[in-house]
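Please see the structure below; I have some questions.
Labels run A, B and C following the written order; every chain starts at residue 1.
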C-alpha cells in the first residue's frame, strides 16, 4: 500500500527526517512511537503533502502511484487520511456541510454517485453516534468550540465517513480519558480490514492495548531506530526511549 | 390567483429576456441627451406629468446640488465624474420591441449568471414574492398588486404614488433623507425617475415579501431610483432588492436614495443583494454605486438592514438608522466582497436618540485580487439615549497580498449609561484551515469558498432563504480566480 | 490688529512673529548651528503654509482649537515683543521659585533634570550625566547626532498627516535636550525630565507663557534606557501654551522604557507629540497619562522600520471639569515580523470630553505582523463626551490584527462582590473606578513612579466624584434586554 524509500525531508530549512524507509502492506497496523520532536508529526505532514514540508530526496509510492507528484486533495481522494494532532477550528462552516463536501469529493473520485442529502445526513448521524458525539455537533462549526476530546472524536468520525485506505492517527489518544480512548479504539478496530492500513502515532503503550499493532517502530532524531512487534512497545513503556538513543549513538 | 400567476410569469419572462437581450443589443428607448440643468429636471418632471409641488421639490434639490461638492473622504479612488456626460433619463419604448436572440450576448456573462442560478432564483423567489422591476429609470411592472391591495398594502412605482397618494409622498419624501443631505442624495432628489413605493397600514403584516429588481440597461445613463417605505404603527414588512447591470467598458453611475419610516411598533426588514457589474479583471468598466439609505425608527420600532455587496466598481453606501423612539432597534448585517480592482467603502450609522435604544452591527469584509474594502461606521449616543446599547463586530478577511482591508469606526458617546462594544479583526484564510479542507479532499477553490461562506454565516442567516442561497453562490462566483 | 482677521489667522500671525523674533535674537548670538536655522525656517514655512485645522480636518474632527484662539485673544496680546524675552540666552533658573518646583516634581531614584518653560533650571537639576547634553552646548559629535536626527524622525510622517504643531515646534526650537546612549550601553539610572510651566511666574503679570520643549533620544544598537518625561505646572494659574515634541530613534536591539506624564494646571494648553522609529529587534515600552489642564492634544507616531521590533504602549486619560483630552496614536508597520500592542483607558466626567484615535497601518510588505489595540472608556456624566475611533488600514494578508473599543459602566457583579464583603456601595464604586485604570498603572516598570502616581490618583478619585462611575452594568441585564 505504502512504500517509503530513503525519505529525507525538511521544515523551514531544517532537516527533520533522515533516510526514513517504511513499507506498509494492505491490512497492516503500524505503530510509531518516539520522543517529542522526533519527527512523527512531520512524517504525517509530509505524507499528506502539507505546504512547508519539503522532500529533499527519496520516494514514496502509494497504491502504486508516485505520491510526491500529487497535491494535498488528490492524496486525500486517493484514500489518505490524517487525523490531526491539533484539529483546527473553522468558524461558521458547519460540520455537516464540510463532511458532505469531503465525502462527495472522495466518492466522485472513486466514480461513485454523490449521496443524497438525506442519505448523507442519516449516515452522518449514525456515525456520530458510533463515536459518542451527539448529532448536534454536526450542525456546529467545524471543531468550533469543541473540547479536546470532542475534536479527536470528530476526527475519527470523519475517518469513518471517508473510508480511507490509509489512516494516519497522530496522537489521537493524547488528552483523552479512558472512555474516550475506548471510543476511538473501537472506531479504529471496527474499520480494520484487509484492504485498509493504519499508522498509529502514539506515546503510550495504553492505546496499543486496544489497537493491537502488527509492527512497532521507534522514531528518534528523524530516523527509525528500531522496529519490532507489539512487545517492543511494552519494552519502551518500561525503559523509556533513553536506552534506544544511547544504543543508536 | 390567476393574475398572480400571469403577473409572475410576466416578470419572469421579462427578467429572462432582459438577461438574454438587454446586454449588447440596444432596446429602443427614449433617452435624454447627456447633460444636467434645470430644463433636464423640468423635462423629467414633465415626462411623469408631475404636479407642480413635485417639480418645485426637485428644483430645490437641483439648486442645492449645484452648490455642493462631491465627497472625497471615502477610501476610494476613481477619475472625476463628468456629470454633464451622463444621460439622466431613459425609458424603454416598448417592451415588445426587444430582440429575442441570445447570440449577441457575451457568453462569459451568460455563463456567470448561469452559475449564479439567477433565472432559477427568480422562478423560486417569485413564487411567493411580489416584484417591482425597475428597468433603467422606469418601473416596468409590479406584480401581485391585487392581493396586496386587499391587505391594504400599497406597492407601486413611486411615480404612480406621486399621483395616487400625494398626501403620503408629500409627507414622507425627503423626511428621512432631506434633499440637501449629501451630494448624491441631492442629485437623486433632482432627477430621480422612478423606484418603489410601499405603504403598510396600521397593524398590517404584509402578506408576502416585497421585492424590487433593478437593472441598468442603456449606455451612459445614470440610474437614480428612489424608494420610500412607510410602515404604519404596528405593521411589518420584509423587502428585498436585487440589482444587475450589463458589462460595459464605461463606468456608469447609480445614485439611489432609500427612505424607511417605521412608526411606533413597526418592523421593516430591508435586504439587498447587490450585484451591479463590477468591471472586468483589469478594472475596466463597472458601476459607481453611490447610495444613501436611511431609516427612522419610532417608539419600539425595528429597522433591519441586511446587505450582500459583491458588485460595483466603486461602492459608497452606509445604510443607517435613526433610533428616535424609545426602545427602538437598529440592525445592520453586511457582507462586502471585493475582487480584482473593486473598491468598497461601506458601513452604517446608528444614531441613538431615544431611551433604551439598541443597535447591532455585524460587518464582514472580504478583499481579494487588487481590491480594497473598507468598513466605515458611526455609532452615536446622544445625551437622551439613556440605557442605550450598541454591539459592533467587524471582521475582515484578506485573500492574497495585493488587496487591502480597512476599518474606520467612529464612536461618539454622550450618555453615561450607554454601553458600546466594538470589536474588529483582520486575518487571512488560515493555512491550517486550508490544509484541513484539502486533506479531506476539497480543492483549493472549494476550500476557500467554504471558509469564506462560513465567515459570512452570521450575515447570511439574516437573509430570506432564497436570497441566502443566491448570496452564497454569488460569493463563490465573485471569488473565482482569486485563489492562485 | 484688524477685526476682520480670524482668530486662527491671528494665532498664525502671533506664532510666526514669535519665531521671527527668536530668529533675530539667535542671529545676534551668532553661534547657532546650521541645522537649527534650517529646522526653524522649514518649520515656519510649513506652518505658514498649513491651514488651521477645523472640523473638516480629519485629525481634528473632535477637537476644537477654540481654546488656542481664546488664548491668543485673551493672553497673547503683546506676543511678538514677549518673544524676544523668552529666547534662551542664559538659563533662568534663578528667577524661578525652586520651592514651588520642589513641590511639583517627583523625587525619584533617577537623574533629575528640570526645565522651566523650556529652559534648564540648573539649581533644581542634577549634573548632566554622560550622553545628555543641551543642544546649545553640544560638542561636535553631539551636534552631528542632532543634525542627523532632529526633525527627521517627526518629518517622516505622510505629508497629508503632518501635525501643524510639530511644524510650529520646529519653528520655535531654540534649544532642547539630547540623550544619546552609545552602542551596547545601558543607562544605570533612569533619566527623569521634568518640564515645568511657571505659568507667568517669571513674567510680567497677565502675560501668557509660551514654552517649547524639544527632546531627542538616540539609542544606538543594543543600548538600553529608562526615560520619564513629566509635564507639570507650578501652580501660578496663569494661562500658558506648551508645545512639546520628543523624537526617539531606537537602533537595532535597543530597548527603551518611556513614560510621559501629563499633569499640568487647569490653565494650560498642551500640544505634545512623541515620534518614534524602531529598528530591527528593538523594543519600546511606553506609558502615558493625561490628567489636568484644559486642553491636551497628544500624538504618538510610531514607526516599525526594522524586522522583529516590538512595541507596547499603555495610556490613561482622566478628564474632568471642562477639560478636553485628545490622544491620536498611529502605528506604521512598514516591515515584516513586528508586533504592537496598545491599550488606552479613560474616565470622563463633568462636562469634559475625551477623544481617542488609534490608527494601525499595515503596509504591503509587513507580513507576519501582530497588532492589537484596545480602548476602554468610562463616562461618569451625561454632560461629558467621549469620541473614539480605532482604525485599521491593512495592505498585507498574512497578519493578525484586532482592535476593540468599549464604552461601559462598572461591572455589577464586581460591585456586588465588594459589597458582600462589607464595603459600602460608594466606596466600592471608587475602588472599581480606580481599579479600571490601576490595571495599567501596575504595568509601569518604574516602581517609584507607580507608587507616586498611584497615591496621587487614588487621592484624586477619593476627592472628586467626577472620576467615579455611578452606573453599574451587568452582562445579565444586557442579555435579558436582548432577548425581549
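Odds and ends about this structure:
Following the convention adopted for this analysis, a residue touches a chain if its C-beta (ideal position, glycine included) is under 8 Å from a C-beta of that chain, and two chains touch if they have at least 3 such contacts.
Fair warning: this is a prediction, and the values are worked out from it, not measured in the lab.
Chain contacts in this assembly form an open path, with each chain touching only its neighbours along a single line. Central chain by Cα centroid: B, whose mean Cα position is closest to the mean of all protein Cα atoms. We define each chain's centre as the mean of its Cα atoms; on that basis subunit B and subunit C are separated by 45 Å. Computed centre separation for the pair subunit A/subunit B is 48 angstrom, with centres defined by C-alpha atoms. Work out the mean CA point of subunit A and of subunit C, and you get 56 Å between them.
For subunit A, the set of residues touching two or more other chains is empty. Across the interface of their complex, subunit B is touched by residues 48, 50-51, 71-73, 75-77, 81-82, 84, 87-88, 90-94, 97-98, 101-102, 105-106, 109, 141-142, 158, 162 of subunit A.
Within the complex formed with subunit A, the subunit B residues making contact are 430-433, 435-444, 446, 450-451, 453-458.
Interface of subunit B with subunit C (complex): residues 73, 75, 356, 358, 381, 383, 389, 396, 398-428. By the touch criterion stated above, subunit C contacts subunit B in their complex at residues 58, 62, 364, 367, 377, 379-409, 469-471, 473, 478, 481-482.
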